[in-house]
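Labels run A, B, C, D, E and F following the written order; every chain starts at residue 1.
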Amino acid sequence: MEIPGLEPLAAETFELLKRVSVATIATQLFKLGLRSRAMTGVGPILADTRMVGEAVTLRYGPTREDLDQPEKLSSPENPQRKAIDTISPGQVLVTDARGDLRCGTLGDILATRLKARGASGFVTDGAVRDSPGIRQVGLPCYARGTHPNANFHALHALDINVPIGCAEVLVLPGDVVVGDGEGVIVIPRHLADQVARSARDQEELEQFILQKIGGGMSLFGVYPANEQTREEFERWRAARRRG
Amino acid sequence: MEIPGLEPLAAETFELLKRVSVATIATQLFKLGLRSRAMTGVGPILADTRMVGEAVTLRYGPTREDLDQPEKLSSPENPQRKAIDTISPGQVLVTDARGDLRCGTLGDILATRLKARGASGFVTDGAVRDSPGIRQVGLPCYARGTHPNANFHALHALDINVPIGCAEVLVLPGDVVVGDGEGVIVIPRHLADQVARSARDQEELEQFILQKIGGGMSLFGVYPANEQTREEFERWRAARRRG
Amino acid sequence: MEIPGLEPLAAETFELLKRVSVATIATQLFKLGLRSRAMTGVGPILADTRMVGEAVTLRYGPTREDLDQPEKLSSPENPQRKAIDTISPGQVLVTDARGDLRCGTLGDILATRLKARGASGFVTDGAVRDSPGIRQVGLPCYARGTHPNANFHALHALDINVPIGCAEVLVLPGDVVVGDGEGVIVIPRHLADQVARSARDQEELEQFILQKIGGGMSLFGVYPANEQTREEFERWRAARRRG
Amino acid sequence: MEIPGLEPLAAETFELLKRVSVATIATQLFKLGLRSRAMTGVGPILADTRMVGEAVTLRYGPTREDLDQPEKLSSPENPQRKAIDTISPGQVLVTDARGDLRCGTLGDILATRLKARGASGFVTDGAVRDSPGIRQVGLPCYARGTHPNANFHALHALDINVPIGCAEVLVLPGDVVVGDGEGVIVIPRHLADQVARSARDQEELEQFILQKIGGGMSLFGVYPANEQTREEFERWRAARRRG
Amino acid sequence: MEIPGLEPLAAETFELLKRVSVATIATQLFKLGLRSRAMTGVGPILADTRMVGEAVTLRYGPTREDLDQPEKLSSPENPQRKAIDTISPGQVLVTDARGDLRCGTLGDILATRLKARGASGFVTDGAVRDSPGIRQVGLPCYARGTHPNANFHALHALDINVPIGCAEVLVLPGDVVVGDGEGVIVIPRHLADQVARSARDQEELEQFILQKIGGGMSLFGVYPANEQTREEFERWRAARRRG
Amino acid sequence: MEIPGLEPLAAETFELLKRVSVATIATQLFKLGLRSRAMTGVGPILADTRMVGEAVTLRYGPTREDLDQPEKLSSPENPQRKAIDTISPGQVLVTDARGDLRCGTLGDILATRLKARGASGFVTDGAVRDSPGIRQVGLPCYARGTHPNANFHALHALDINVPIGCAEVLVLPGDVVVGDGEGVIVIPRHLADQVARSARDQEELEQFILQKIGGGMSLFGVYPANEQTREEFERWRAARRRG
């Protein structure tokens, strides 16, 4: 699904983001003045999941009994079906399900279609259904819960690719979405290249710090690193890169 | 604010709806298969409020610190300001504030502008601010709470006149919104004429029933009314209309 | 409605309980080892309400669409209608509405019937509807909220006069229910005579204390009262009774 | 435990229900007008659980300190102990724990007794305790959480085999309860035969659909299936049955 | 109660703060980078309350049955009693009640003592009790609810004059606390003089704006004010001050 | 970290507590009149965890933007860092995170430091971050959730070793904290020796009971055990000890 007007990203950005934790990205965004870009309460359906992609969005409202009947799902204009059927490789479908946990907004058949389209993953602030089946499909999926009901039990699909809120995070189409075994964070697109690099740097430093702390050193001077620790780190990193 | 493509309503509809309770409308909509059209947790800022009007909608997402600064409010494209500045007489501004109670989405100056425009009222599933001032303005206002913070503390205005959810009710632009001293209900536009008449009928019957119950009659046969009670009611109503 | 097997209460108990606050009764019950007999979140629909009576109970479950239709309310076996239609003077209808705030379990017609029957009041851990009308009826009513929907929108009446939970308090038929401008408390029937007397005593002492504290005395020694304060109180009370 | 007055079920019903997902049953019940029969927030204590059985019910109220002491559990009239001690093979004990997560309503010894009696499983909208031990017992158990406290910390057992609410679902004794790796659904008994067959049919169709979607087909025309897809499916099924 | 090490405040600060709304102060603090200084969910027990003072703090933990008995309240070291008995004129007692609404942390006798001491008010993120009595005392009181239970039912008083959280706001002893008919805000002490003046300026401007908007002007250019509006305002203010 | 003034514990206490379940301890404390010493909603980050230790405490308040910046963490007076850097072997760090789930209060580096110091574990009523990394460290960790944000996103560290509330349990420094695969309980220090022994006794009895129930016996007379069962148990235990 084409999202018009997006600035291109650096070639290495997705690769870098695949190798850093969501926690590290959260700290980098905090330093840029963005306090709340990691979702609250949204976790992976399968342990050890990793996901990076570009956000396409889907928005739900509350159900209305006369509008939300199973047969309406066959319409080519149904926003949920259209979003899933036309998503592009490398995209993540992020859905504003109003935090409603009384129905699921993805089942095993739809997850299979997302995977067949090459989507990078699925994120909702509601629930998914057929969760045992979704685990078998293997698509990275993040949700606040699972529920056997279909989406029309409680929700009404409204729009594709408008800005949405998901788990208290503002998500614009084209934002960069990263997930790991803990949660999901949404990087404003114009910051993605910068954050990818600074997160990589932070993780290298923290690898060094972890080694020292694991060896019995005090936190003070080391975490956060003072001048001396940073210099040691620079030498360690230089040596490692040579090595 | 013009809402394109709306069917006209019967001349008497708004008049009828002003004289019936929201509770009565809820029962009429239930009988048409719509279980959840009355908002939960949304009440009047001023006791004894009554409101009828056509919905125009405003949608918020979560705040993003770099986008949501007070100076952004001066943009003619700010959806909140635009909605309030261009609303038409007889319209009600219904806002999807994501149920967020950490900021207010209307203050006394904006309420004054709504009133100057001839708006019929304001509804939010979030909070209002400057509530002592809003009470003085006298515009019918319904909210889930009050909070001193401005909307940019927690919310980001996104759209005007798209379908929204508000307090778990799907609201389409042009839907008919009715408020009383208890709460708010949203009638799908195509049902408004029918519901206005049937609600009027129900209230006439209940006035008759209330008189009988107040006089000491048992509920059974009277509330709900059986054949005999309905016949008595028809005679009572006919007499009253003559009289 | 007769509740079988109840022990009689002392003649003065209801009179004493009408003159003490719910807060005072809560302290007396705490001293008897009962920590949680005052309801949480349940308040009066009308300010300055006072209520004392014997509990009759009504229990709801969640709604089931095929069972809960308005026409079912005409059945003489509908537990809600039956409870309201057969309540006796001096009784309070206490309803377990599962804490559900998406519908009301009493409207103005039913409140009118309760009043005509001589009921002392109504308590629910859910909502009431037609609340502006209920205020006019004048029956003491306590609830956690108000909602325009009728009970069949979300609830299904199940039983009369079984033990229930209401706002986290276990209520047995025949328990003594007391309400004031703040809230509601439920006294196990076998403790009602004792608690009525000890609450009266506490309030007399607190009246004396309030006078001293209002006059500028320190809390220590006075509230709680030490030996000396108690002796002063005894003299004050004796003097006052002589009058 | 005998439940009086139950209609017999078709011989194949339990077998069919063991092989379909709860999500599929939820859709079939929705089509019959029942929107909310799958429990919200109730999940299996052990992954990959499957359970089918007939509901027997147990109801709790809030605790009262003088009534709820450990020694009261030895009474042959204690409803919790009686329900567990007299349950019959093929029955599922469904408990209304008021959604209270501050104590557990089943421990490893009681789970062992349920299993020894041949019970099909246990469902609560509260918590279970001794959850590591319960996992070893292997009885299918569904709950909203786990808590080390015993039930008398927060709850008081009241009744056996009355209609109850559990996780916002009305449960009548004799209803058919089905659980899988995702959740629990309660089928009104008179619909169980019909739903078992239609769920089986839906799962066959979805197996066919999943194959097509996995093979790269678009959702439209396939899910939901249009006339042509249904015809293909009929041929596929006929072939498979022959095969 | 003396709070050591506090910087003095400008003489006019309290006077200025008495005349501005909490909503205005919230905006001024936002402009200084402090997003969340207004309490959420805390409102006045009496409508039309106004309060300004210096924070003294009281901290509660959860109750422990053996420690929290009514007789413990007579100890001169009980932190609640000590705080109330030694508060100084112009101070506001702010209590961290853990957001617990199952008991009250102030009753009418204690409110009377606070008033006799000259305290400016009382704030809690929990409940107060004896609320009808507290209304008669007339001390400005802010809370999240009311409950008949005494504090020992659910809470245990721990400390006086340590930093606390109250309704999600960090409160340091000596911070300046302001309340109006809507809510409560806490100004870090070192910002109080500056915020008092800038809030006064904002309110003067908004008075001018309100007049224009009430007269039918558009929001744009006026609210927020552009250059031209600001110049008009300067002339208006100058004229008014002369006048 | 030394906690002044603690009474010594019996040599065997920690050993006994390692071998009993938290559920058993909860029952023993209930019998001593302490109803709520097991935490609600706090579970192990890693399944099959066991933990016993002495509580040291850390207290958080809400964040204040100017105080809570990453660079503040390098101060030797930062309470979080100080607590973690100076904890002693056999101690458990229990943190009052205000139940806030919008940030984590422990990450993999800090968990590594706790482990290097010989700490027995970590407990919070908030979240941890870097949870995949924490799982690898292997320190027993209990939390209400996980979140990628660092603590300064939402919290401000205030104190070390003061009494705190954690998940609705009052925790005094030096209290004995026990965790298993289900949850966490806090034993008041002066009761630890007694409870360790009585819990051991209860578990022996329940092992005997479990055997009988597993063998098909009725609950009545066995669980709870009557005189006869207790005598059988005494013989069984005596035999086993000889054996």
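One rule holds for everything that comes next: a contact is a pair of C-beta atoms (placed from the backbone, for glycine too) under 8 Å apart; a residue touches a chain by one contact, two chains touch by 3 or more.
As the structure is a prediction and not an experimental result, all values here were calculated from the model.
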Chains in simultaneous contact with chain B and chain E: C
Interface composition of copies chain D and chain F: same or different, split at half: different
Most widely separated chain from chain D, with each centre as the mean of CA atoms: E
Chain C-chain E separation of Cα centroids, rounded to whole Å: 33
Geometric centre distance via CA averages, chain E-chain A, whole Å: 40
Gap in Å, rounded to a whole number, between the CA centres of chain F and chain B: 50
Set of chain A residues in contact with two or more other chains: 35-36
Chain-to-chain touches, reported pairwise for every pair that qualifies: A-B, A-D, A-F, B-C, B-E, C-D, C-E, D-F, E-F
Chain E to chain F touching residues, read off their complex: 33-36, 60-67, 98, 156, 158-159, 162-165, 168-170, 188
Complex contact set, residues of chain D against chain A: 21-23, 25-27, 30-31, 35-36, 38, 40-41, 43, 48, 180-183, 185, 206, 209-210, 213-216, 218-221, 223-224, 226
Partner chain C, residues of chain E touching it in the complex: 70-71, 73-74, 76, 81, 84-85, 101-102, 104, 107-110, 112-113, 116, 129-133, 145-150, 152-153
